[in-house]
């Protein structure tokens, strides 16, 4: 394996680990301190996650593009931003990174490394929420990365900040994060049995957005290689 | 109809749909979780709306300009940023998009697709609030788009974040959003009977700001075509 | 009077009016909705004020520089960024704008146009707070405007967001705003008898910061004309 | 001592003083106003600290780089961004500035200048938290400063905003701030006996991140001199 690709994979691993640590950790802290006011706990969870995304994408984007999300990597592979081989490698390390991030958050808060969630998140409203959440996320990435590339980290952070509140599922919008959160019996958790439909909705949302934007922005493929952020060591296609 | 114009209309439709989904959805979520503390619910509603605007304008701005608001489109048409024909097409799809966004939010939260609001918002203080809110919004757009065009998405998001709190009406400042919110019997709703005066105040505010800025910034018309954001596929004037 | 100067004065008037309307209006809204949790009310007040500053400086900065603050104008005049004649004109319209903004906020919330505050804010800790608050504000402006001029609106908004909480006075840091808030018997008010010492502390803080930065950044005067933001119609010095 | 170096040291002193004043002062204000809801107090503390960092780094960065943190200075010295002599001078003034900032915050809130904290923060979960917090902070600085240098102030502010919530220690991530907070018997304090292990964890995190990024970004040393922000008066190496 080339060094440059290996660096990309390490960056995706670390970035996704920090993202999940931020989601899970801030959920634990928010719930512990909020005296039962769930809105205050979710506000803390939201602000921490949105801010973390800005910092993480700015930091790891120039190395690997900072996908941090198999649904985004899938969308980018459809537009030939990276090869299917590299896309599958990205997805694997994103999932491993996400689980590692959950473990790290648990250990920082004195919890068991992994414990399954019992948080029920099912039904058509949740499915629709995840479809819309991921459709929107991928739309923001495609729409912004072409003409306002330098602001993608802020656009993604702002989008997720909003989507936490305007979707009924609090916008997981990320299969790697969904898997990691199924292993976390905390505020941000999801029952493992509910994860597969979440992931299906996310994949459908990402694909639908990608085909729409292929028509909406005909030059999309020209910049797909620079998603989310232009990175020097692009793996060859 | 030219493809480039059709793309603009689809972008305005989608952008306004996401904006209203963010306003209505985050209002529902905020109210459900805030244990009756309306300030906390409104804070969540505010942060979600402001952040959504940043993301949506960054994403759809390069396609259609991301007006997302018939009052803004009216102001831009007065300054010849787009033709009156295109302006009216923009307004139609903004309204349709807004209603679609409200329906999407309702379905995500397990509510009926459409149900009228009984939220009374009337009286001279509310009228003045909407006038000032829209006057300010259009002023921010005119003032910022000429000399700091790249920051318009942040300026608009920041302005609405502030205006939610400093106006008594929580700053609808948008006729398409007002119509959509009249069809939403939720936290963010408005009684349909109160909508017409809101819209009148918004139009007056937008017009007043435009005539003031025509004097304040004589070069205004030169950049009107690039409001809110420079977009490649500008419909011919 | 030259048209270009007149435009500057109108921009300073409007900008300061919006700033005070944001401070006073969001204070009223926050206090009404927060069920007695003053921290939540102040959080709303803070977020609205910080966001308003970003939007207002981006909008009016390219016209007049967006001082919006006699202490800033004084500092800029010391460094010859504008003449003393123009500085005094700036200060007058800032004060008039501030009062107009308070009146507008009161009318939007169904309150009397003007009513004196009984909010006691006195003593050495408050004096020290205002000195430090304004020292910091002017330091941020001098430090950022030379080398990162495009980010001054964000730096000022962020600074005031922080200073609301880390000073005991909630950082008025602005004589025009202080006068306007003395005419507002609301959450954000200040007893008129306490205003003079606030203003004295603000002036001392602005002057101290300016002399420090004259040494810290020897090229300060070269960019003083472009404070806060480069504006095309600079009044001749 | 050269004037340019002396300016750097004054900037580091002032910047760290403002940072600690923001942390300690907003903690006091938050706790006083939050009616016992610790999540609301911490939210105020978080928002104030994150916003202060953005403003302070934008203001003092162009003078000294705005390290404001001996762990960051250590990391930068390892990569030869500044000499070990200058690094130790930076660390001394950062500590002095931090203590001064705590004193200033105490005086603004009518507290004794210095009073030891009894806030227990110990155990392996806290140690791990500080290691991860500082590892992440230094990673964000290294990752962002090379390819997105203009956004480093925002990346650092966003990162700390998130890390307040996702680590169990609320992310001190800074030895100078840790020492200053041990002298503050307030919301943000730390028992002096717990400070040494915090500082050890911070140093280990900074070093680990630096060696990782040396491999991840081979060109790291080329830009180390411009950490956090390019500053004109770089002390000669």
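Each chain carries a letter (A, B, C and D) given by its place in the written order, and its residues are counted from 1.
FYI, a residue touches a chain if its C-beta (ideal position, glycine included) is under 8 Å from a C-beta of that chain, and two chains touch if they have at least 3 such contacts.
Keep in mind that what you see is a predicted model, and the values were worked out from it rather than measured.
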Same-site or different-site touching of subunit A by its copy subunit D, using the half cut
different
Averaged-CA centre spacing for the pair subunit C and subunit A, given as whole angstrom:
39
Cα centroid separation, subunit C vs subunit D, in Å, comes to 28
Contacts with two or more other chains occur in subunit C at residues 37, 40, 43, 47, 154, 157
Examine which chains touch each other and state the graph shape they make (line, ring, star, complete, other).
ring
Write out all the pairs of touching chains, ordered by chain label.
A-B, A-D, B-C, C-D
Residues of subunit A touching subunit D in the complex
7, 10-11, 14, 18, 21-26, 29-30, 33-35, 37, 40-41, 43-45, 47-49, 51-52, 54-56, 58-63, 104-105, 107-110, 150, 153-154, 157, 229, 232
Which subunit D residues qualify as touching subunit A in the complex?
36-40, 42-43, 46-47, 50, 123, 125, 128-129, 132, 136, 139-140, 142-144, 146-148, 151, 154-159, 161-169, 215-217
